Amino acid sequence: MKVEAAGFSGPLDLLLSLIERRQIDICEVSIAQIADDYLERVLSLDWLDINEAAEFLVVAASLLYIKVRALLPAAGQQPDEACDDEGEAEGGEDDPAQALVARLIEYRRFRDAARALRPLEAMGLRAYRRLERALPKPGPTFMPPAGLTLQALASAYLQAMSSLPQEFEQAPTDEIPIAQQMVAILSGLARRGKLRLQDLFGTAASRGTVVASLLALLELTRRGRVNAEQPVPFGDIWVRAPESRRWEVGDADVEPEVSTGGN
Amino acid sequence: MQMLSPKSAQAAIEAILFAAAFPVHIDDLAYAIEADAESVRRLLREIEDRFSRPESGAMLACVDGCYLLLSRPEYSGFVERLSRRQKPAVLSPASMETLAIIAYRQPVTRGEIEKIRGVNSDSAISTLIERGLVAEAGRRNSIGRPVLYATTPEFLLHLGLRSLDQLPPLPETENEPAANPDAEEPSSAGAETQEPSLPGLG
Amino acid sequence: MQMLSPKSAQAAIEAILFAAAFPVHIDDLAYAIEADAESVRRLLREIEDRFSRPESGAMLACVDGCYLLLSRPEYSGFVERLSRRQKPAVLSPASMETLAIIAYRQPVTRGEIEKIRGVNSDSAISTLIERGLVAEAGRRNSIGRPVLYATTPEFLLHLGLRSLDQLPPLPETENEPAANPDAEEPSSAGAETQEPSLPGLG
């Protein structure tokens, strides 16, 4: 089942609905309780799209990380303090609970705004316009736009091209997708036991995701979390979990990196 | 074309609005019938009056300075029953959520949308673009020069609004950390000032 | 639906005809408003009268017992005038960017354009074609035989150019990794030298 079919437009939507079902104020939420609810829901969904699953699992990992932090005395910050000094840069930076609550509050504004637009949509859709066919369309006619000069053309081209190299500079600094892909690979293995290398890349949305998947796989291999094998030369490469280890969502290997992705 | 009598001018405008399925700007109407915007405005008022009578099944709508004729919503049941017009699809929750973010934060980048939603929004954005509710609106002058998205007049039509000012106000939060639409990083917020996120909205 | 007043019944029929995707039979109209064919005929006559006035730009037409509303043919000149005018005077940033890429990279495929822009460019390309700035120029001999796009002769004339060589030279860009138009087909890649399409780019 696709998550949207289950009624959730994303991980924040799911999280928010769990909080609201318990009728608790966002600022008073016990992350520990919500983390369990959330995990239960996420694991009960039947994921078709591995990228989508990864996005939900990233939030799951954040929740678990927050939960673990709250249990450690050294961590200090209580979750309830989140709302009091929310907005102050110093607190929001390093307390993931606070950052998550701030994101939820911001998300909720737009979710509620979207709901408020529904009645308008219902009304707007009841007024029909004429069908398009009526207007006679002139064939291609040369209609030069105002302001089309050689200068404008050259600068538009340069601007278009200027975005390319930067995209490549940015990619390596972004560690979120790698953590995401690690979670995605592990969750795929947890369900299916083994995966073909191609399948890891088959659904990838972009070249960046493919690279992130590959790096994630290498990293997991290095840590001994997965094995990769190629039974036949030039044949399929299979990725599987080592016999001895069963993957658990909140495993400490993945968490710290994931939580930095939350911001 | 020769000079039009007032009645013919009115008829010409009605013919254009009848033929065009999209909102037509008042300047385009003026250009088409070779008249000034003021006379067109007067003619539009007369057309509006004519279509406001109880025996009329259509109405004149104004969206963002553009005009079009629509069937009256109270008769939509008959239209769907007989004219084979499909009831237009409502947006999915994900698309509506994305549309709300674009509407209130425009112009906005994909990255900003995804930061708020916490989920990849490619397909929601392409759905909105396909339906003509959202369009590219240049690029932001920042690293990577990301494409900016904004709503279209079609968006107003979809919600039955005359202009963006009529959008319901965005729900407020008690202390609003990221009200600045240009703030790409939530960390750059911290300004406690509650600025309304849309001009003309309070 | 409850019983309609005569005026509402007229309005309901007009709404149906206004939005209809095809001519509607009188029996269907009668069924829709739950009236007999005779009353519908009378209502249609009233609608016809209303649309026959000189200030009306539309008319009720009857084809083989089926009815439809049309814009009056005598005003079609205005409609055509408008549809030429409809083109915005200035190109959108998205279209301008696409035009620049086609101008400097021609002949170029949709895929190559989208690779550079990073977003779907269908509507930008069709705008440019409609405005006569760009045209199809054959197909590339590679997988899928994608359509190639190039600027039109009118485009060059408009800019006062005699040939593409006269496009303003661009400052050297040292590393242009994804700019290689062959990069899309891994099979044909490897030949880094094949980049003849860009005069003025080194």
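Note that the chains take the letters A, B and C in the order they are written out, and that residue 1 is the start of every chain.
Throughout what follows, a contact is a pair of C-beta atoms (placed from the backbone, for glycine too) under 8 Å apart; a residue touches a chain by one contact, two chains touch by 3 or more.
Not measured: the values here are computed from a predicted model.
The innermost chain, defined by the distance from its C-alpha mean to the mean of all protein C-alpha atoms, is B. In this structure, the chain pairs A-B and A-C differ in their number of contacting C-beta pairs, and the larger number is found at A-B. In terms of their C-alpha centroids, the spacing between subunit B and subunit C amounts to 19 Å.
Mean C-alpha positions place subunit A and subunit B at a centre distance of 29 Å. One inter-chain figure worth recording: subunit A and subunit C are separated by 35 Å, centre to centre, where each centre is the mean of the chain's CA atoms. Contacts with at least two other chains are made by residues 15, 18-19, 21, 70-71, 76, 79, 83, 118 of subunit C. For subunit A, the set of residues that touch two or more other chains comprises 128-131, 134-135, 159, 163, 167.
By the touch criterion given at the top, residues 4, 7-13, 51-52, 55, 59, 86-89, 92-93, 99, 102-103, 105-114, 116-118, 120-132, 134-135, 159, 162-163, 166-167, 170, 205, 263 of subunit A touch subunit B in their complex. On the side of subunit B, the complex with subunit C involves touching residues 1, 5, 7-8, 10-20, 24, 28-29, 31-33, 46, 50, 53-58, 69, 71-72, 75-79, 81-85, 126, 129, 135-139, 147.
Residues 128-131, 134-138, 140-154, 156-161, 163-165, 167-168 of subunit A are the ones that touch subunit C when the two sit in their complex. Subunit C makes touch with subunit A in their complex at residues 15, 18-19, 21, 70-71, 76, 79-80, 83-84, 87-91, 96-97, 99-101, 103-104, 116-118, 129-133, 135, 152, 154-155, 158-159, 161, 167-168, 170-171, 173, 175-179.
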